[in-house]
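Listed next: structures, encoded as structure tokens.
Here come two complexes built around chain A, the first alongside chain B, the second alongside chain C.
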Partner chain A sequence: MPAQKTSQTTWTLITIASILVAVLLLWEGLKSFSRASEYALALPWGGTLDLSNFNNQQLPHLGDIFGAFLEPAQRNGPPLYVILFRASLFTLSEAVAGFVLGSLLGFVLAVIFTHSSLLQRGLLPYVIASQTIPILAIAPMVVVWMRQLDLTALAVPVIAAYLTFFPVTIYTLRGLTSVSPLQLELMQSYAATRLQILVKLRIPNALPQMFTALKISATASVVGAIIGELPSGIQDGLGGAILNFNQYYVQSPPRLWATIVAAALVGMLFFGAVVLAERLIVRWQVKA
Partner chain B sequence: MIISVENMTKKFRGSDGLTVHALDHVNLQIQQGEFVSLIGPSGCGKSTLLRVIADLIEPTEGRVLVNGKPAPQARKDRDYGFVFQSATLYDWRTVLQNVELPLEIMGFPRTMRQARAREMLRLVELGDFEGKYPYQLSGGMQQRVSIARALAFEPKILLMDEPFGALDEMTRERMNNELLNIWAKLGVTCIFVTHSIPEAVYLSTRVVVMSPRPGRIAEVIDVPLQQPRGTDTRDHDDYFHIQSRVRSALREGSGEAADSRRLREGIGG
Partner chain C sequence: MNNIYQFLYVEGIPIMVQKRFLTMALALLTLLVVPLTAAQDVPTVRVQMKWVTQAQFAGFYAARELGYWEEEGLNVEVLPGGPDIGPQQVVAAGGAEFGIDWLGSMLASREQGTKAVNIAQIYQRSGMRQLTWKDSGLETFADLRGTVTGVWGFGNQYPLFAALVKNEIDPDNPDDITIFNQPFDMVAFLNREIDSAAAMTYNEMAQVFEYVAEDGTFPVYTPDDVNILDLNEEGTAMLEDLVFVNEDWLAQAGNEEIAIQFLRGSFRGWVYCRDNVEACVDFVLAEGATLGTGHQLWMMNEVNKLVWPSPAGIGILDMELYQQTADIALNYEVISTAPDEGAVRTDLAQAALDGLIADYPDVDFMGMDYEPIDVAITPNGE
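The block that comes next holds the complex of A and B.
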């Protein structure tokens, strides 16, 4: 068995490496056409794709993107990776605050909906409607409200929470209510209280599904934090950096691309942390 | 009298909107220390009767007394332990933690909980498995854990709903003997729902034969086989005689039902 496991790990590594190489080849391969602007690709659905689009302005070399991390973003300033590292930490802290806020709200809503079908029927439509409104429309309003409430620092976490609470509500509700009738009868035979049933049966039963939601929320909260920074006029995070490097894109495209890479890394880091927490907490095997 | 069911009727509203007569004017008295099996074809209401006694279902009419109290009060006082068809162990708890569950709910202190749970696991011969998770156990072992769990708070009554139905024949016979040992050792009163005639006769002091549509008690058959029971019991002539009595009671009970079905479908008659 261990030998089998080793070969499985080897194959996983080989697959990951092959996909990485394929992406690199595709990226740089497309760019190799851009040197001669007369190349054009006929598209099956009509029209042509001008391969000169993949010039350094529109699609920088991967080497240039990673090189940009090491160069100073401003004359005599620190290298870009220092700036992006600080911005990432700032945005990550906002995202974590929003994630905690949103998960708590999502969890509380799910518990309420589990115990009152009346409230579930009354409130769930608004919860769903809230997710059809684009975050871009809500964000500036949240910033204004929070300023009026003297809670400016909470504006971005609230916007991030807006994106994170929904999956937590839906998945937790599903987990809390999908207990088997026999397990409920068992609790009734002990004359257990509703709180005991919630704590000892419903919540542990919901944990695997809650973690599915938290994984979605972790990445969504990073997006929420970045979008929240834009109308708030916050310069210290990745949102500010994206706005800034967008303005100077013509001079240096790789900087914006480097910022995108940083944002992706923040999201993946957060996602990985939730996966780790899941491994530590959900140690039992879930029945299909 | 430890359990008394008086003139009890249970009606359900079926999914088609029609009323189903699950149980019709059932009377049953059970003495302390008895082992009573409820047997009958599907739809005869044997599981419903067990659940009404446990106050997991409310009767439509009639009275149910457990330990001299109305059934809801007996449930609140935790007078019985219930063993379900499937082991209903909690996946996220170890074997020991599963047996501790009722004690936790009843507010026993931790050290007492663990001591009691370990004692019960030894009783069902699973002392070495306390740290395992349910998915690591076989079906028979899981059901033994659920029996240990039902006994953990020392109830005087054990209600069991086809607990060994999903087990293979060999495991089932072994479980039957273990259950009889526990019954003799602890002096509990057992009510046991089953589909199996040999199992009912082997275990019980009395077999209650039920018939369907509406669910009724067709016949109550005493089983005066010698205690303690074992391999000798299975070879005893009376063991077979009583089985055939139960079988014919079952046939008579469901025969009427078959007749009425034939009438409804317009065959013969």
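The block that comes next holds the complex of A and C.
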């Protein structure tokens, strides 16, 4: 078994590395090809194909993007990676707060829906409707409301929570209700209370599904936090960095790309943390 | 997140005991519609900027950093703007007491019922320009006939439209001129896809000069390569950055005094930025770690040119320019009727100014001898 596992890990790493190399080759290959054909390719059947999307302005060299991390973002300032690290931590903390808030809300809704089919039928349409409203439309209002309540610091977590509670509700509800009738009857024959059934049967049964939802929520909460920063006027996080590097994109395209890389890393880090928690908590269910 | 914990503490909930319920409590708090009023000796007010931190608003950051508002007995929170943040909506919703906006959109929001009142006109002249390439020979607004002309939407197009109409060019007639809806960057102009482009002196104009070619060549363009068509000279400029408040808020007892205190601190901040350009840029950079130093220095200097000189004193609205702005707004249906008398109050700015002149007889609040500094263009504004 250990040998098999080792070879599996090796193959995973090899696959990840090959995909990375393939992307690098494709990225730089397209760029040098476009440059060689002066960003306009004559097609055999006439006309030209505009390749200007691959110039350094639209698609910087990967080397330049990673080089941008090491260069200062402003004269005499710290290198960009220091600024992005701080911004990432800030955004991650907002995302975690939103993740916790949204997951709790999602869990509570799922428990309510499990025990009241009337509420489930009555409330679920609104829960679903809430997800069809673009977060961009809601975010500015959340900011204004939270400011009026003197809870400005909660605005971004609430926006992130708005994106995260839904998968938790749906997956948890499915997990809580998909217990086998046999087990349910056994519990009932012991005169177990609803709470006991919930804690001893339904929740353990739902845990694998809940973690599936939490993994979706983890990445969604990072997106929610970044979007939430924009109408909040928060400039310390990745949203603020994206906004500024976007405004001054012409002046240094690699910086915006570097910020995108940082945002992706934050999402992956959070996802990884949830996977780790899953392995520790749901040992009996997790396969590979 | 600090103030949440503080809030819980103020409410007397022992945090340690409730630790596992803390997050739940937070979720519940968000649902509670309980406005919290903290008892404080120093009144706290908020001012909503029009955009993210940049030198455009440096005077306000200076007032905060130098404690000018504190000296006035006021605690002021500066709220940076951003996309989806309309200062008019924020102030109307009570999210801030003061807002920074351009006059055209302030008048429009007033007509829609936000009860916004202009209490101080910080920028005495407009920073919007139309750029053309020198080699194109387009030197006046009349020359734009038959060209592809870039303008910004969202109400920012009207000063140019007014200039075109003044020169008998109909912006709605494609036979007269092709209007290009310009994004907020200069790429189309740099690529010569358009013949002329809208640019703020303090931002987009610098981006043309700061441009570095793909092969690293710098400078590619200098001020000698462009014609700068000035809407102020054409007489069709619309006034920009001003301070506004909500009429109802202002009518409450004591708030006129707060407004005067706020303006006093703000005016001193702008005077400081006129005389200490680089120090003010540092205030801005400290807030916005992702902003380029060279570009912000350029912006600070250009913004100073829009504020100074202030012939009637800083913050005092020039009624002729006010009328010009209102006329253009009315003409282009930004507003449907001429603004009412209540849209403007100059007495608060005047009171602030008179008080400052009496308290600081050595400080120049008009800047009639103001001279801009020379700012070297830096590659990419770094």
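Just so we're on the same page, the second predicted complex is superposed on the first by the 265 of 288 C-alpha atoms of A that agree within 3 Å, B and C clash if a C-alpha of one lies under 4 Å from a C-alpha of the other, contacts with A are read in each partner's own complex, and residues count from 1 in each chain.
Everything below uses one rule, namely that a residue touches a chain if its C-beta (ideal position, glycine included) is under 8 Å from a C-beta of that chain, and two chains touch if they have at least 3 such contacts.
Remember, predicted model here, so these are calculated numbers, not experimental data.
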item	value
Touched partner set for A:Leu105, first chain B, second chain C, both or neither	second
Touched partner set for A:Lys200, first chain B, second chain C, both or neither	first
If touched residues of chain A are counted for chain B and for chain C, the larger one	C
Chain B versus chain C as contact partner of A:Ala68, first or second or both or neither	neither
Touched partner set for A:Leu243, first chain B, second chain C, both or neither	second
Which superposed partner A:Ala95 touches (first chain B, second chain C, both, neither)	neither
Partner chain(s) touched by A:Ala225 [first = chain B, second = chain C, both, neither]	neither
Residues on chain A lying within both footprints (that of chain B and that of chain C)	none
Contacting residues of chain C [partner chain A, same complex]	1-4, 7, 23-24, 26-27, 29-30, 32-36, 38, 49, 52-53, 79-85, 89-90, 93-95, 184-187, 190, 207, 210-212, 214, 285, 287-295, 378, 380-382
Residue ranges of chain A in contact with chain C within the complex	55-57, 73-78, 83, 86, 93, 97, 100-101, 104-105, 136, 139-140, 143-144, 146-154, 157-158, 161, 230-235, 240-241, 243-245, 247-252, 255
Touch list for chain B against partner chain A, complex	51, 54, 56, 75-76, 78, 80-82, 84-86, 88, 90-93, 101-102, 104-106, 133-135
Chain B contact footprint on chain A (complex, rising order)	180, 182-183, 185-192, 196, 200-201, 204-205, 207, 282-287
